[in-house]
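What follows are several structures.
Here come two complexes built around chain A, the first alongside chain B, the second alongside chain C.
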Partner chain A sequence: MSSGVWIAGGGVISGIGMNLSECITAFEKMQPGMQEMKYLESIHRKTYPVAEVKAGNDLLASIAAESIYWSRTALLSKIAAKEAWQNSGLSEISAYKVGFVSASTVGGMDRTEYFMEEYLHDNSRGRLRNAIYHDCGSITDLVAESLGIEDFISTISTACSSGANALMYASRLIQSKMLDVVIAGGADSLTRFTLNGFNALMILDQEPCKPFDENRKGLNLGEGAAYLVLVSDRLAEKLQPWCRLSGFANANDAFHQTASSPEGIGNFMAMKRALEKAGIKPEDIDYINLHGTGTANNDSSEAQAILNLFGNTPPPLSSTKSFTGHTLAASGALEAVFSAYAIKEGIIFPNAHFATPMSNFAISPVTSFLKGKNLEHVMSNSFGFGGNCSSLIFSKDY
Partner chain B sequence: MYIQGIGIISPWSGQGSEPLIKEDHFAIIDPDYSQWIDLQQIRRMSRVIKMGVAAAHMSLSEANIEAPDAIITGTAYGCMADTGIFLQKMVTQKEEMLAPTAFIQSTHNTLGGQIALKLNCHGYNNTFVHGNTSFESALLDTQFYLAENPHSKVLTGSADEITTISHNILTRLRRYKKNSVNPSELLNTATIGSMGGEGTAFFVFQALKDNRSIAKLSGMEMIFRKLTPEESLNPILEFLKKNDILPAELSLLITGKNGDIRDDYQYDLAENSIFQNVPKAAFKHLCGEYPTSIAFGMGIASRAIQTGKLPSEMLYSGQPPKALNNILIWNAHTNMRHSLILLQKC
Partner chain C sequence: MSLYITSAVIIRNQTVRKNGSVAFQSSETNVHLFLRAIYDYLEVSYTRFHKMDALNKLGWAAAEFLLQEIESGFVDKESAGIVLANKSSSLDTDERFLESTKSVASPALFVYTLPNIVLGEICIRHGLKGENTFFVTPNFDITFMHDYTEQLFESEAVNACIIGWAEQYHEQYEAAFYLVQKSSMGLQEPFTIKALEKLYE
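The block that comes next holds the complex of A and B.
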């Protein structure tokens, strides 16, 4: 008896588009989302380009039909989750046993930052409405309640691999037959907290990032949210699912709190175990959506792990972070939506700003938008702080 | 699944002792961390990481294993102290001259990552951050993992710390009482707010029973639908039925009573009806209220099953149970959601 998990739909909001179709158009037109900061207030405005969602909180609140006092993370989350549901072909949420699993690293930090400015002058001050949604779980709860989801709710935070882990957990919730449908993905808004953290780590590029390029200088931060609607076999029969989530694995690099091991031990294990779970061989993969942050260390570890696993002729690959920036907990989810959609539409995404191959690795990303491809299996990689490495595989419907 | 090892670091050191109170909240009793962590690292690690790593080691050593196959963590607030430090410096230094250390240690998966690093464990590693069901989310993931990998051992635990800032804000939000009370009086205060607490508990789980098994985790359920006391009766009965237990067969009911009248009323109806003849115990007057405190409750309940002895401080209603075969832990959250855990003797 098969216990497949199918992708019924997906939604995205990111620095390259307010919805999935806008994002796909941006890839096609080669329009990355990095610009000078417009909505985030920071002294680094002129120094670091970021891929902001091109809307202020007032506009996001009106699209989401929610309060302007919501955290930007929650507003992004609701907009993308709603789009995902709407294009899944399912009827009302109340008609199914539905779960919501969301990933976040910052939660309501955007509002906590405002709170802290007042609080630090006087600890009896600071608007409490800016502090109550600080923790990641409360953002998930806000959105779940607003969507009317009450069968299952959870939140995952494993740094930059969070979104991928949310999809894994969601898959198990369906395979165990606890739920019929899970909306799973992640959301992170840009905050001064993360911008300054990555700045202190000295891994931000002052130019648009160049993943897998010899002259890469670091990453650009982005923001956004993305969700896939995962359904059981029983529901998939009545829908036109995009593809199947056929394999996934999570491994730990166990090397360093923030850096990746030179040979990409965790990356290699995650990809290898995901292939095993999907029951396919490396040569079956038709496209890899890279973690590809653009930092010297991340990209060389990932390249080494890919060459170790796929040999000298890896499949076509690219980093969509060269368009969306690094959206942290949302990145695994954004890239899962792009990967699943790639199978459905037969497309391969370009890697922007790529000019010079890395001298140590014979590996070059795809640099133009490719259409009319028959993709059977697509791999999506997400590797993060704390050694957390995850890999997902999406497969055509059989 | 079976509990093979338990490591707890909490404000309470066991039967006959008073919980540690610092100013107005429960505070963990620090063990000698040098047993598990070298001195240089002790100085560098933040408090929540230190306590979590230590509790993880304690549970592994009881289970007699060097490293698990998977590490699954639950934490509502993550590394609160480091988050606060970085945030404070960012605001006061106006985004300039910031060192990365606090930021690096502020991510929620720092604990899970540090344990993996220390044990050189390349296996499955996940961190759940869903408020007061963070630990339960991790337990469910553990069940999934063991169902797929029945010969594995999983290290699952939780950690949450209290800081000056978080305590101040949660007090302003009236989660904690303005005036602290004696812990032994906490459950009888009948006022608004509980008292803040903190702690960590780690467990080693496996799918099959052996002669090291401490207790069996027979069932766990999270109910996200908001339930009134009347509405909560049926789901609780169904949960017990699914596990082939009648309410009267329970040796003990452990509730999440915390001394906040806005929370504690949720237990009254069930206590006086379906659980009328079941002895009742509590644990939050020993560790304080914090989102992952149920892990502490589960730890001491498992130990009680293993030893057959219930610390007398825990019991608040009924006769001391003669045998401890089946224990239901029930946490009714402020938002009217519920968590249920069934532990059994094995």
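The block that comes next holds the complex of A and C.
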């Protein structure tokens, strides 16, 4: 690789913790975040468990030091981005040429839903302040402005691989020397729109999801935000980076809009090309953070693609969505933070609720929190609707 | 690195222009009927078309014209990428999905409530498996698109790439698709900001 891209720090807020250290503790204590809906108002409250961030907008606003009229997505975004910056070891944002690349699929739709309730009833009613941040880009702009980022701002929306794609994009911005630092990741809050949509697709589990289990019945939705701080070689020299983003690739499965091909062609190609870019072989990977949604289709395609690429003895693997739920555009970012942190700390995350291996695939996830591991290379997979498949590789120090 | 625009398609005002010349024109002012007229004109049998929302039909139609005659020229479809942008994301279908939730939420509509689904439709149609991304920007930023594409080629992420703009909201629509390749074939236009702008005019 021409020039390196390093991970200086990361931050996360999710259904299992308000910051990175709380999330890691939840993995260690085997405490998944799925519960009955408390903050989202929906007729499905009793039917589908979700992994909500355990705080109302008032509390989030006070943590973020922002208005309670901000979209929940923006509040989550600011909290995680700020944490990422704070533990990067960098000084003030104004001291560097900084970019902000954020992924989202719902943007400020959480507030638009409040607006529409009144507006649909009587179209002379509804507070416009609830609708102005509807689009994904306005959430990125809002948070960038609040953080004081001006040099480069971009939003990526490619379904459930958005967060991973934001990191790929950020990596290129650094490699091309356009920027010194990029805060990259994603944020999505729970909305009725997404809950109803995934319910319409009939891929929600009424119990806590069981990724890679023979008896998996679907996914649980979650919400959250996560960001990594990516820096150039020059800045990394003065910091203690966690690891390097050494490889990434994106491919299209070109099969179906909401289903993966049975062989996981796109998944395979994304993983294979990411390895090529990192200049390593499949056997060099020490842990795979799966896309692992818990749907019948995703997990079988992903398992097949992994067996095709890694042979019959794949590295340890697990789906952290069994804790955080599927956080959509944020998921690739959450899992990138967990993967990069896994290298730094030598840990492997458990896959919750796993009981029975899939009958067609000789592949079983890790089920307990492992410490004291020497991880050289970690792969993180993210696959999205539209056939959009991405894979990232984090490496220790070369 | 030498890159070329090997094909270009602009769809606006009931007209399809390919490589600068009018390829199809219709009197249909309604966006759905206009796109249906394109489908009929192309005389292809592709039943998926009828399931798509208007944005996806627009992207599908632009890609059909774009790749006509040149599709066989793709050396490696596995590394042919797509980078598109628009300003209204999937808002048109988002509204229709929301409407459907009043009775029974429609899975057929929900699928199209993401802007990148149009990338998926084009990949499925033409078997393209390279890198994809979709940007939502206030206007068609040709300079950005040019620089981004150049970088994709330089980092060897793609060997060929469809780039452009696919915008639709209610009755307004516009598509501007370009095929960028490493060899000078088809339109044979060097890949410059100026050339992209001229073709977009």
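By definition in this document, the second predicted complex is superposed on the first by the 395 of 398 C-alpha atoms of A that agree within 3 Å, B and C clash if a C-alpha of one lies under 4 Å from a C-alpha of the other, contacts with A are read in each partner's own complex, and residues count from 1 in each chain.
We take it that contacts are C-beta pairs under 8 Å (C-beta built on N, C-alpha and C of every residue); 3 or more make two chains touch, one makes a residue touch a chain.
Computed from a prediction, not measured in an experiment: that's the story for all the values here.
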Does the chain A-based superposition show chain B and chain C clashing or fitting?
clash
If we overlay the two complexes on their shared chain A, which of chain B and chain C does A:137 touch? Say first, second, both or neither.
both
If we overlay the two complexes on their shared chain A, which of chain B and chain C does A:369 touch? Say first, second, both or neither.
neither
Kindly classify A:251 by the partners it touches after superposition: chain B alone (first), chain C alone (second), both, or neither?
both
Pick one for A:266: touches chain B only (first), chain C only (second), both, or neither.
both
For A:96, is the partner it touches chain B (first), chain C (second), both, or none of the two (neither)?
neither
In the superposed arrangement, which partner chain does A:361 touch: chain B (first), chain C (second), both, or neither?
neither
Clash with chain C, by chain B stretch, listed 240-248, 276-284, 294-302 or 312-320:
294-302
Common interface residues of chain A with chain B and chain C?
105, 116, 135-137, 154-159, 165, 169, 172, 176, 192-193, 196-197, 199-202, 249-258, 265-266, 269, 384-388
Chain C touches which residues of chain A in the complex?
105, 116, 135-137, 154-159, 165, 169, 172, 175-176, 192-193, 196-202, 249-258, 265-266, 269, 384-388
Considering the complex alone, what residue numbers of chain B touch chain A?
71, 76-78, 86-88, 90-92, 94-96, 98-100, 103-110, 112-114, 116-117, 119-131, 133-134, 137, 141, 144, 147, 165, 168-169, 172-173, 222, 224-226, 335
Enumerate the contact residues on chain A facing chain B in the complex.
42-44, 104-105, 107, 112-113, 116-117, 119-120, 123-124, 128, 131-132, 135-138, 140-141, 144, 150-159, 165, 169, 172, 176, 192-193, 196-197, 199-202, 249-258, 265-266, 269, 384-388
Note: in the complex, chain C contacts chain A through residues 78, 82, 89, 91, 94, 97-98, 101, 104-107, 110-111, 113-121, 123-124, 127-137, 151, 155, 157
